[in-house]
């Protein structure tokens, strides 16, 4: 069974925020909900790098372990989803998550947190596939359509990879090996001529 | 399981022969497109999808929609956009994975291209400033007033009393008409963003 | 761009100067990073600011703003000194090399270090990289052009590529990433005050040619103008049109400007914006045609303004030309929303009321396709003859059949053609020219020599005579003449001449040498001139600017009289402006997008930690920036290492504030953009290019104080 | 759990190796390993150190609460059937024990505390209620009740604190468990409030205010996540004590000591009760008369 994963190639990411807006616009998220975000380190200095972060759809996910209502579940293909009908907005998942993926909109009463929202790997949610309810609560269900997640598909430099863990690992490994050609950089000049 | 696999591989990377053969490298690179596109098949093989499919659900979230190819309006790279339109409404921006320049890629501006027709801030009708306030007017009134004022100025001061600022954000055809309009108006006072 | 975005994939060295493509053209980075990774191409980024692009560089060069020519000439000199220049290329296809070399010799590494602040060692390293890894591409943007010597800067870039022999080859070329989505298209049809469409200029021949294309009488067009002089006189430019209203500098036009029409054009992108504001208040009529209320609407505080809601480009259709000279058909996605009208409809209503609709639309029955055909009939100089609406649509409809590496279609309806038919696309069957000046391909298959525009021979001031045509034996395969040849007489106005030339395997515009010495320019060979507002007052005497130009696009333009030695004492900091990835141009569209506004909600100024501490400004605090022209803005400090200790950086997309005061109440109700801020251009300085009059926003001075 | 952490971090581990290959590249002065570390520090924060323990403790809290509640119920049942309730019939002389203000704030605090405990437990055992809007509604109740409680708790604290300082005999009271484990009431060492009451007072008011602060911070949810984790742990641990003592208090006042409820309503206690249950206070008031 394919195991869905994200991988952000730090050497490629240019912090253009394309993934962030693709996600927000594609799922019509309210302002303030960041299913995906871009983080820059060493800004303005040599060694500046950026990375795009969202739910990593962990195997044995910590959020599932701490959820008091069992609202979070993992599909067979590894995608971790939340059932917003069950979620009580307690926020434990946020505290358990290493990546800060869970997001909480302001609910109605006293501005308390509403049901948790997070990256769905564009796989919708537990509501009937392609139903109005699914779209409203979880956004598009692109996986059911056989389409790639928006963020990775719209990544400007193809830094963000999404898909079967084994496949994207292969791609990334090849890239690394190829960049490794940077090691041999100049060798052709030094030895061939 | 997948995680472990990723974890156990790195040792091989170092041992892999380094190559500068561009042909080989290119073939490898093309797989990246396959990576995102390749997911397609994999996702469909998921049991969950199969199970839901058995229940005869609609094949697409927007039945009867059609895909229109168009081009991003933000910068001159010329990224492709697939606009999914259902009943005359742009419902979704799709990934133009097979566009030769952008290959589906967008920056944040392009990823939100659909907002150009969705934004609540779009102007809705012609406006005129009157007594310091904006007043809604009809198109007919707007055209009549503007054109008669322009003609009046032309009459009184000459054609060069009007400056036209054209645009680099319209189609080539429209830009051409802007230049042509200035010529027919009788002035060379026309310019656009390429100047600056 | 002489090459294309995708062609950068073949580069073995990428030299980017004055470009922050990571923010301005993020998708182009896809190809640049590919070349960096796969070809191991060094990525050299020259910029006063450590941009997001610089973060990806293998060699980052911090340069003092406004000294690009000195650096480039220094590189050229170092390359020639070390005998790394492409001698064969120069012998056969370059003119004026000796004259250029003499000028370049002045820019020794020591001199360059003094002017630019770039160390001798780094200059040597960069030169070595450029010389070692060929073909390399040179990429630039507004960081090169927006200077009072912008035209010299661009030419220095071109000369660098000529010296390296990188022109006309895949992976080489001079690639200018253009800003707006259709700025290439709009430039090609010359929405410019100095030319008719397709760069024909304003001479009588040009007018006659276009009158023929339009099907109108030349005498009638002439009668529309004030007099014959104004038919040929360059008009005001976007950079300085407001001087036609406020007349701070003397204008050379019989009347002041009384009305202005902003048709899809932001005003807050023009320098010295506070003066433009004065003009807006003085005008009799301001017409704004835009899908969003632009900053202009909020800046007009008099009852002289109309806003017409045009549609976005997704609600209309037409062709767009990408930076790589490719035409794509932008199909209409949805019908106009609300009561907005397409630009074509608005144009029609205008023309109807102006009373020349029959003449204007003589050849145009169906918009926009018939317009495309009219352009194809007229725009022979740049070979838009092959750009028929059907062909452009065919390419867009079949974009999946084009190869990513070569942009050539493999099979399918467009077999063998290049994506978007990059101009010159000489005939209805020509595949487009993917790489300009590439003599390895036949002209009919997309090859091209250098244009023979300036005669066949020239005598330099020192008496040396040089043949300007390409050397014998250098021509495209299949050319009837094996060597240089002059342009075909009449090719600019007669398509049959072009067809005849192509039949003979030759380029209609001849086969010449590229000039290093442009005798029709104020500086035949690019030389360094200190910015008008220079922080190095000690260098002004040695590298002074040009004398004043009394009639520069109808307005007196100061050069020497503006360059004052004492200015840098009062205004000690350098001011540069640039792009943010989240916003575009004046920001009317992007600041009205809630997600983009969320990502980049407010105006800021990047300021080095040392400057911030010297002035007692903390990160996130507001402070004032003041320009020598009296503009001032109150902005939030972003303390960062991106800029050095002498420089302040401002993004130029914001509007809706004016010198510390909010103008939110001036927007139409319900249409206030999500993000408002001070326009950076209030504090950008006086200064315009000697040839193009582009504003010099990348080399100003300013002073700051705590708010 | 260790596997889980490794699994979720594999992505970073992999990036690290990828960057490892870059080390040999003469690109910049910053080592890729440093970049990797910096990213870790920025994105994961304190997670590698405290994530596992947090997950473990949070997922086991439900059990602790269950043990406490069930255990106490068992004890109450045993106690009731073995020793039976204390009965003070309020027929004899009355002693003015609680002023009006004290009773008012007590009942204010009591009612809001009941809501807090009930809704808090409902959130903790949300699975029983099926989660969703119902529990989310109860979370709002919890939030509203907390504000009401916080106000009363302050006044309750002020009005009672002078009698609530621990005294040496409190230890003795604890040693004989308040004398509740006998059928016949005998005088126990206690002042106006016995050691059990004092404990409840301190946990209920001062602890309640700590609960309020931690709860408020958790409601705001803007503190650094590492701090939030600590706050949640405090909230849950202290909540455990509050719930336990709340239940004991409820049992004692309503079931185990008949008349206690009445005295808090009327403000008067039976002399006999005071003499037996609060002998030190009894002596004090006798001296005053």
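As written, the chains take the letters A, B, C and D, and residue 1 is the first residue of each chain.
The definition used in the following text is that a residue touches a chain if its C-beta (ideal position, glycine included) is under 8 Å from a C-beta of that chain, and two chains touch if they have at least 3 such contacts.
Every value quoted in this text rests on a predicted model; they were computed, and no experiment measured them.
Within the contact network of the assembly, the step distance from chain A to chain B comes to 1. Upon removal of chain C from consideration, the remaining chains are still joined by touching into a single piece. More C-beta pairs touch across the B-C interface than across any other pair of chains. Remark: the per-chain Cα centre closest to the mean position of all protein Cα atoms belongs to B. Chain B and chain C, compared by their mean Cα positions, are separated by 21 Å.
For the pair chain A and chain C, the distance between C-alpha centroids works out to 37 Å. Taking each chain's centre as the mean of its C-alpha atoms, chain C lies 69 Å from chain D. For the pair chain B and chain D, the distance between mean C-alpha positions equals 57 Å.
Each of residues 5, 11, 16-18, 20-21, 24-25, 45-46, 49, 59, 156-158, 169, 175-185 in chain A touches at least two other chains. Of all residues in chain B, those touching 2 or more other chains are 3, 6, 9-10, 13, 20, 25, 102-103, 105-110, 112, 115, listed in ascending order. The set of chain C residues touching two or more other chains comprises 26-27, 30, 38, 40, 581-582, 594-596, 599. If you check the complex, the residues on chain A that touch chain C are 11-12, 14-18, 20-21, 24-25, 31-32, 43-46, 48-50, 156-158, 175, 178-179, 181-182, 184-185, 189. Partner chain A is touched in their complex by these residues of chain D: 1, 3-5, 7-9, 11, 14-15, 17-19, 21-22, 24-25, 27-30, 34-35, 38-39, 42-44, 47-48, 51, 54-55, 58-59, 62, 123-127, 130-132, 135-137, 139-140, 143-144, 218-219, 221, 225, 228-229, 232.
Those residues of chain A whose C-beta lies close enough to touch chain D in the complex are 5-7, 9-11, 39, 41-42, 45-47, 49, 51, 53, 56, 58-62, 65-66, 68-71, 85-92, 94-96, 98-100, 104, 107, 109-110, 112-115, 169, 172, 176-177, 179-180, 182-183, 185. Note for the complex: chain A touches chain B at residues 1-5, 16-22, 24-26, 59, 75-78, 128-130, 135, 140-141, 143-148, 150, 152-158, 161-171, 173-178, 180-181, 183-184, 187-188. Within the complex formed with chain A, the chain C residues making contact are 22-23, 26-27, 29-30, 33, 37-38, 40, 50, 52-56, 60, 132, 581-582, 594-596, 598-599, 640-643.
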